[in-house]
Amino acid sequence: MKRVYVHEEWCLGCHLCEYNCAFANSGIADMVKALKNKKITPRIHVEEGGKIHYAVSCRHCEDPLCIKGCISGALTKDDEGVVTIDHNKCVGCLSCMLLCPYGCITTDENETVLKCELCMKNSCGAPACVQGCPNRAIVYEEVQE
Amino acid sequence: MREGQFRNPSGCAIAAEISKEGRRFSAEKIIESMIPMHDRSNGLGGGFAGYGIYPKYKDFYAFHLFFDDRHIKKDVEEYLKERYEIVLSEEIPTRKIPEITDEPIIWRYFLDPLKSVLRSAQLDEKEFTARVVMHINTHMKGAYVFSSGKNMGAFKAVGFPEDVGRFYMLDEYKGYAWTSHGRYPTNTPGWWGGSHPFGLLDYTVVHNGEISSYDANRRFIEMFGYKCTLQTDTEVMAYIADFLLRRKGLTPKEMAEIIAAPFWTTIAKKSEEDEKRLTYFRTIYSSLLMTGPFSIVVGYTGGLMALNDRLKLRSMVAAEKDDMVYIASEETAIRIMTPEVDRIWSPAGGEPVIVNVKEGAY
Amino acid sequence: MKYVIIGNGPAAVSCIDGIRSIDKDGEITVISKENHPAYFRPLISYYLEGKSKAENISCRPSDFYEKNGCEVVNGEVTAIDKDSQTVTLKSGEEIAYDKLCICTGSSPFVPPMQGLDTVDKKFTFLTIDDSYAIESAITKDSRVLIIGAGLIGLKCAEGLRDRVGEVTVCDLAPRVLSSILDDECAAIVQKHLENCGIAFSLGNTADHFDGNTAHMKDGSVIDFDVLVLALGVRPNIGFFKDAGGDCGRAIIVDNSMQTSIENIYAAGDCVEQYDISFGGKRIMALLPNANIGGRTAGVNMAGGKIEFDNAVPMNSIGFWGLHMMTAGTYANDGGAEMIEEKGENSVKRFFIKDNKLIGFIIIGDVKSAGIYTNLVRNQTDLTEFDFTSLIKNPNLLPFSEKNRRKTLGGVV
Amino acid sequence: MAINFILPEFEVERNDYRCIRCRVCERQCANHVHSYDPDGDVMLSDETKCVDCQRCVCLCPTHALKIKKNDAALRTNANWKQNTILEIYKQANTGGVLLSSMGNPEPFPVYWDKILINASQVTNPSIDPLREPMETRVFLGKKPHDIERDENGNIKTELPPQIELELPIMFSAMSYGSISYNAHKSLATAAEALGICYNTGEGGLHEDFYQYGKNTIVQVASGRFGVYKDYLEAGAAVEIKMGQGAKPGIGGHLPGAKVGEDISKTRMIPEGSDAISPAPHHDIYSIEDLRQLVFSLKEATEYKKPVIVKVAAVHNIAAIASGIARSGADIIAIDGFRGGTGAAPTRIRDNVGIPIELALAAVDKRLRDEGIRQNVSLVVGGSVRSASDIVKAIALGADACYIATSALLALGCHLCRTCQSGKCNWGIATQDPELVKRLNPETGKERLVNLLTAWKHEIKEMMGLMGINSIEALRGNRLMLRGVGLNEKELEILGISHAGE
């Protein structure tokens, strides 16, 4: 399946992915309107220290632990292999956060559990972080295992 | 304005016939063949070249010249006398017909180069003669050598080709090969020297088309002593023919491989030997590649070569009947020359039709 | 091949997944005591709270059993005959098996209490039916007394708070979540719950009941309308024990989820299995383990060969915005070193033994805690990177670029 | 600090409504122009540091930024222009030679823009490149004069060494040092993909790039950095750099600060030492010395590699080229006065040399007049900006063009002309690893391939409309060109007629 892959070598630590993610999932057509004066809760985040930067978002694991630990059945893998969350089912127990080895699951200010769904559910159609990455540090492609 | 003062592209009709057995025949049929192609010309130029027409003087250079006046004729004759023995000097016989007017002085000389002059110039007689032609045409205003080979001659004028043929009484000449040309220059001036065939020594070219590579070809060939005084495609082709066939000793087929070189993609599919040769030609003679539409007939002693540009952007048909081979812009012209054919075909772009007269028969 | 699965919870359906990943045709019979398709048991409190709807609690789509060719038999197993390879139901029906998986889970434990029979509205809290029953018993003015301040009791309290008048939780232990938290952590949680409107009576429990009045050990009296008994659970293993199977506090299984009896497997809350963080077998009655264990059992029953060899206990619970997570072994004993990080309303405690993180408790700042869990599960050698840099802010930085290239730049 | 008199050249205009405080501008500016003040929740700008590289503008996700020319103005003076005055201040401040980079920005005539191309109408069909083959392959190198045949009468086809290019364009010399590893990698991989060559410049060849050897021209310059046997043998050709259009007659200087481990290894000089290329080659003081070097290099490479001699276009370029054509060199590269550089004294960049168009026309004519045009191929560079510039250059007589500034622009360069600072925000003219990584060579390669693929399409379209289907038929085909707004002398030198003639 096509996944988002991160190439640390090319990550500039610009954090644009975070803003593009937050914007893409805001449901608002204008970035300024969507993000101005707001604390963003993107589904991808940049970790950095010294000269190292890289972005982290859901790996859409082959055998995702988050799904194994989900107590409500909110997390599932769709036919394409995308790990998605059904907010109607999620009760916010954060078991997924306890299990995700990559620290990819987050919550917004309302404690809604957020995770990357490859922009399949918003109007982008393809991951906004990838589209907006200025240096192809984040790519969306099929990688042979 | 005359040819030479501006770049003169033109469209045209061409025809040729040759006997592989070396039988000599009159120009009557080829003159007739130009009639159905009348609309390919516009009356601003026509001409013929005949090979094997001067058997009596076959060892001498036959110079055909136009002179604007007697003074320049005198000067040229002085110039020639210093370099050649003039075996015969005569006016070229013509018929007075209403279609051809304003003729210049038209003269021919049969010339034998002076050995002492050749020795001091350290040149072979062909190169020496080519330089003489180049000199007259470049430096002697009012004189123009339009034919300079042995046992062959070009005849040309302003007018429709069928009229030009009658004007020069070519029905009374006999040769083993004839080429002809009807001209449709897209710039108007008609100057007798600008008509086809164009030639140097025994190489003549009749040409239909307009080569877009003209200046690239010209600037290349001019590095080797040629002066393109007329700025016509045909002139540059004639010089290229002289350069490749005479000076570089290439065969007509090899010349075709240079001026209508196959595309790289075609070369890549050839045998290793062909690929090497074609690559070599395209590398060293890249500036002689001719692009743009053309169909030409290059005449030379003992044969001729017809060739289309590699995209075949101009029509050209070939046919065989017994020992005769015919070439023309249109099949209709061939049918005039020979109503019956053994074979008739349209040569592919870049594929030369080379016809050589049996060895010893010319 | 004839598979029989006793029980119909998450472990059971994962077992079906496991079997079907290898054997598409074998016959599968599921014997279910509850008359519901497998559902997520932890949702029963969220159902009360209104966060989960009844139609959303199933573990699998409604056509799951049909699609997987399972026959579901409603009934309770009373005996296994390991020699004839049959199970006997309460109804007397006998069902033969080639491979058997026990996923019977556990049942509420209610000790004998004087006067309990005089209480009109008393409930345990382990099944969705319990939730339905409680729901029909309460009004918006009900006073609810919950006995037991463990996970079940407190989740019940959370579920009920907004639907009843008052909720009081009592426990003999002096602190909430006594099996998980120490005094200090428990105090944080208790304070938060009190702020959220739950009353506590700790170090204290009902001595006896008199109708709707509980007489407490300390002599005080609590009047209530609804009583919930959340004193703990016991695994449902009687029939297995009777058949001579090895049990500790639950059915003992190996890493392939095989019991001591040939062709009998077990998974879920009814098993005791090796805890790598602890270094011994114990009950780890947790959903991820039930899912992984059930699937492991299923695959092995169908002839596959996989192991579940990194089980650790782990838990994530939250009450009204205060989250706590635990994993591994976090009792401060057995020679483990503790590293503590405290923030405002948050505590992180890490337990390190033999250069390995064997467990942690986090209250409050639970962001990206999975990175810690991963260290516990993988028994990662802490000398290989700078663990201290992860304490405040868990991330992938201290791991090598090569490692990240694998995890972030490849398929995992 | 004393007053420095310098006005900030640029102004950062931030649309505060649009700014979402994502701070990308701050993170991306190596010059530290932008900063965030958490107290007021505002973004601040220090415009004295801004070089107008446009990095922040390009990355700002809400397009909240504009960099504008500062309109703060000294009193207008047609003689003492503002820039002239500011340069005086700068020199008075520092006592130094003014340094700048990239090509001459002054308003000298651009002859490319005064030349128009012909098209076929009626008498000669134009050719549709989508339907017909359209060839752009060229061979650079000496072409033999005579045809030789073997005993069987077959043509002998051994050629002197040639560079084969799929289109008549090469990336001209930019050293590893003046540009980054990733920029070099982009050029090398793009050259390979395109079937053309790039050029090492005088910085040696990084060991990682030997694999692109057949698409590499290795340069031997006056500093002789990184030159050794393997290096000479690695490339498709060897180029002797005599001069450079941006700074004819002077050498180069890579400050020791930029000579890190990798560059030190590649240039074969100690880490941290200044890499100084002398003004002349100290073994070439005349044309016969050049001939010696040409043949030394041919000896060293067993006559298997063509040797290029690169010179700056200067006043008597035709005579110089004639000398080089007789020196044994296979290819002459001429660099016009608008050619770029990583650093040059401003005065030299802006005042020395001649336009490449005139130099090319003069050289091509001179070599033809002398009948030695076949001895050498001609490559020209120094601000070849588009496919039409290439077509015009070929028609004037060039065999191929060198491009560099265009290539850098494709890689992201915004021509801020401050390469000499080493703080290229686009990761091109820098050795700072944090900045270098900004140019992902995958992207770089793709953009270069895109650019030249686009140019190739355009060249083919233009060839087609002239009725030419092979690039060699365009070479020296000056009839295809006409001048506009040029005087008699300029037309004469260019060897073209005026439009309308």
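Chains: A, B, C and D, in written order; residue numbering restarts at 1 for each.
One rule holds for everything that comes next: a contact is a pair of C-beta atoms (placed from the backbone, for glycine too) under 8 Å apart; a residue touches a chain by one contact, two chains touch by 3 or more.
Given the structure is predicted, the values throughout are model-derived calculations rather than measurements.
Located most centrally within the structure is D, per distance between chain CA means and the overall CA mean.
The geometric centre of chain B is 103 Å away from that of chain C, both derived from CA atoms. Each chain gets one centre point, the mean of its Cα atoms, and the points for chain B and chain D are 47 Å apart.
Centroid to centroid, with C-alpha atoms defining each point, chain A and chain C lie 29 Å apart. If you average the Cα atoms of chain C and of chain D, the two centres end up 70 Å apart.
Along chain D, no residue makes contact with two or more other chains. Shared contact sites, meaning residues of chain B that touch two or more other chains, are absent. By the document's touch criterion, interfaces exist between A-C, A-D, B-D. Against chain A, the residues of chain D that register as touching in their complex are 17-18, 20, 22-24, 27-28, 58-59, 61-62, 64, 433-434, 437-440, 442-443. Across the complex, chain B meets chain D through its residues 7, 9-11, 186, 209-210, 212-217, 219-220, 222-224, 248-250, 254, 261, 263-265, 273, 276-277, 279-284, 286-287, 289-293, 310-311, 313.
Here chain A touches chain C in the complex through residues 3, 5-8, 47-49, 52, 54-56, 59, 61-62, 65, 68-73, 88-89, 91-103, 105-106, 111, 143, 145, going by the rule given at the top. The touching residues of chain A, counted against chain D in their complex, run 9-10, 12-16, 18-20, 23, 31-32, 35-36, 51, 132, 134-137. Listing the residues of chain D that touch chain B in their complex gives 120, 122-125, 127, 132-133, 135, 137-139, 143-144, 146-147, 154-155, 157, 159, 162, 368, 371, 373-374, 397, 466-470, 472-480.
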